[in-house]
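Each of the two complexes below includes chain A, the first together with chain B, the second together with chain C.
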Partner chain A sequence: MNFSLVAEAWAETAPNVAAGAPKLDPLHHFQVVNYVKLAPFGFDISISNSVVWMWLAVAVAFGLFRYALRAPTLVPGRMQSVAEAAYLFLDGIVNDVIGPSGKKFFPGIFTLFFFVLFCNWLGLIPGSFTVTSQLIVTGTLALSIFVLCIFLGVYHHGWKFLGFFVPHGLPPFLLPLIVPIEVISFLARPVSLAVRLFANMTAGHTLLGVLFFFTVTLSWFGAWLPFGFTVVFSGFEVFIGFIQAYIFTMLTCVYLNDALHLH
Partner chain B sequence: MITEAYASAGAAGKEAAASGLPQFESSVFASQIFWTFVSFFILLMLLRKYVLPAIETILDARASRIADELQKAEAGRKEAERLQANFQGQLVAARQTAAKMMEEARLDAARMKEQAHEELQQELTKKKNAALVEIEQAKHKAMEEVRNVVVELSMHVAEKLIVKSMNTEDANRMVQEAMTNLGESQARLH
Partner chain C sequence: MEGPVTPPPATNSGMSMALRMSSDLVAAIFVGGGIGYLLDHWCNTQPWMTVIFFVFGTAAGFRNLYRIAMGSDQNNTKTGNRSRP
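So, the complex of A and B:
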């Protein structure tokens, strides 16, 4: 195999690539497509591919748990062990980060983790749709958490919640400098929470898309490299999907803890 | 080359000409916000009603089972310890009894030995005494017999002397001799 041969082969395929270019858009699979238009009272609740895969994530998460716990026994089977381990894993996070007062948030945290996790993982199925690659979805979750945190802070601490923006032991003359920084960092929380998950999912899937397009556009002797890399990267994306769900859940716990206990 | 290809395709196609990520297409935001909330809360309700209680039940059951088992094991251990102490006591008592019995047996044996020895001694003494009596009797009997023989002999001698009509002197001498002989034989018998 020499380079002239590769270049020659590429020269042959290049027009095809150009012809197929609109179809080979690596961002195409982020396109939300409405299947059913629904707009009762002028409010758009259309069923799109994004919505369908959200439902599927809910169904798969719930179905797997129900399957794992179809006949719970004192000596657990494999699936039951995994379900219990998941429970204890999240219970550990909530307990470590929030403490005993986090008990009432546990179902929500548990749901959040598995909702995000299965949205991430289902997106890896070829031809599927990655719900968490939609900024509006991660943004909705992040903003809801942010609003909940503000509500909890005000509910539990009243005006003292504003003390959240004043770090302890701060010399008074630094207040005009630090307080705006604290306010901005507080407001940045939902943005970073939403963008981190959305960007990770989008970047990973875009890269996978690009690699697959290389695979189909390159001739057989050049295709194995990007194709091999997609295999490796798909495995890596499974790991990323878990890590991002974990980070999202973990930060939610940290924010809830801040709202409940200030700092 | 690929950028060229895309650029040319972009100029032709309208899809690629659309700027930026599809995620920023705001026309689909409202429905996604709505369904994100709905999906999340449906999953929350389902998990809270059917999944979390099931896991909690089984975890609690296992925890209480383990606590029970530990308690039982502890009770068993205590019982075993009690039994062992009990057994130890019995063992000591048995050892003491055995030692006492051994001592008694030893004393018994010593007493019986002494008794046997004493009885033997008595028996021997009795036998010795009986033997002495018998010897004495035999001696007497023998003396009697000897005397009878001497008397008979004397009578024979006397008869013969009378027959030979010996004088008085001879007769005296002969009696004397006979008496001496008798004395000698008596001494020999002793």
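So, the complex of A and C:
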């Protein structure tokens, strides 16, 4: 890869820094920069920094698990214990929420969890790009899960799928009122799934940018306070990254369970 | 087996519930407003569809909150507990 391309692309987006005075630009982190422009047949599949960091997240996840399980022993060593704990954690979620029929979804859920987790965590490296802070990325994930759930519901239950929108024991004259509400709350699922992850990541990184700007611009006797906040908040962002990945995966399991069982 | 639905403990933690509730309420309001706006666009009934579906969206949002608070969207299939709100 031609690294001068990378340097040029970044130079175009860097804010103009007047002599000595840093500019407050917390949204600079979220700039999508095209490194290699590819547009066959009119489809724009340029390789941007978003794509590169997605590849890195997948590579890190794959590499970590490959390394942890390179020589598995019956009594696990440290890395293997961590990998096994991660597996059991996700197995517990799938089993608790979906039950035994969720076995065939487990590889997908596992991949989803670690993809979102490493995308969140790798974004905390200074100078990187947070993939899940793009609404289009989280929206694609959420929408594909939503479409999968609808497809599963119709495949397993046929037209009785629409019975999901009619709660039990409802007097029939309330139907025109309750059914639109149920439909809207069903359609709100992918929206909330996408927006929750996107908003948390974007807000966290913007806050980190603003806090660190204060560290940079204050003189030595004032800079320790925002610096301390930045350190603490970075740690908090690691925790939030994990929680958001967990909630995303857990809600995916809940929606899959609804599609498979409650229709 | 009768009794209240018992969701798995980790998903009952306050923070995860709070995060889900906040985003579900906002998302339902936006979805309701969005559907109303689209219907207005197609049927030229500005602004009534937007208003009506905004109200529906708010109601749906509060219904989602109730569902999360009651834990009734997570049925523990191990105990065979399946209750509907």
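One rule holds in what follows: the second predicted complex is superposed on the first by the 239 of 263 C-alpha atoms of A that agree within 3 Å, B and C clash if a C-alpha of one lies under 4 Å from a C-alpha of the other, contacts with A are read in each partner's own complex, and residues count from 1 in each chain.
Criterion: a residue touches a chain if its C-beta (ideal position, glycine included) is under 8 Å from a C-beta of that chain, and two chains touch if they have at least 3 such contacts.
As the structure is a computational prediction, the values presented were derived from the model and not from experiment.
With chain A as the common reference for superposition, the partners chain B and chain C occupy compatible, non-clashing space. Taking chain B and chain C in turn and counting the residues of chain A each one touches, the greater count comes from B.
Once the two complexes are laid over each other on the shared chain, residue contacts for A:229 go to neither chain B nor chain C. In the overlay built on the shared chain, the residue A:43 is in contact with chain B alone; chain C does not reach it.
Of the two partner chains, chain C is the only one touched by A:96; chain B is not. Once the two complexes are overlaid on the shared chain, A:161 sits clear of chain B and of chain C alike.
Once chain A of one complex is fitted onto chain A of the other, the partner contacts of A:182 are limited to chain C, with no touch recorded for chain B. Closest approach of chain B to chain C, taken over C-alpha atoms in the A-based superposition, is 17 Å.
Interface of chain A with chain B (complex): residues 10, 14, 17-19, 21-22, 25, 27-28, 30-32, 34, 38, 43-48, 50-51, 54-55, 57-58, 61-62, 65-66, 69, 72-74, 76, 80, 83-84, 87-88, 106-108, 110-112, 114-115, 133-137, 140-141, 144, 198, 202. Looking at the complex, you find that chain A touches chain C at residues 92-93, 95-100, 167-168, 180-182, 184-185, 187-189, 191-192, 195-196, 199-200, 243-244, 246-247, 250-251, 254, 257-258, 261-262. The residues of chain B lying in touch with chain A in their complex are 1-2, 4-6, 8-10, 12-13, 15-16, 21-25, 28-37, 39-40, 42-44, 46-48, 50-52, 54-59, 61-62, 65.
Remark: chain C residues 8, 11, 15-16, 19-20, 23-24, 26-28, 30-32, 35, 53, 56-57, 59-61, 63-64, 73-78, 82, 84-85 touch chain A in the complex.
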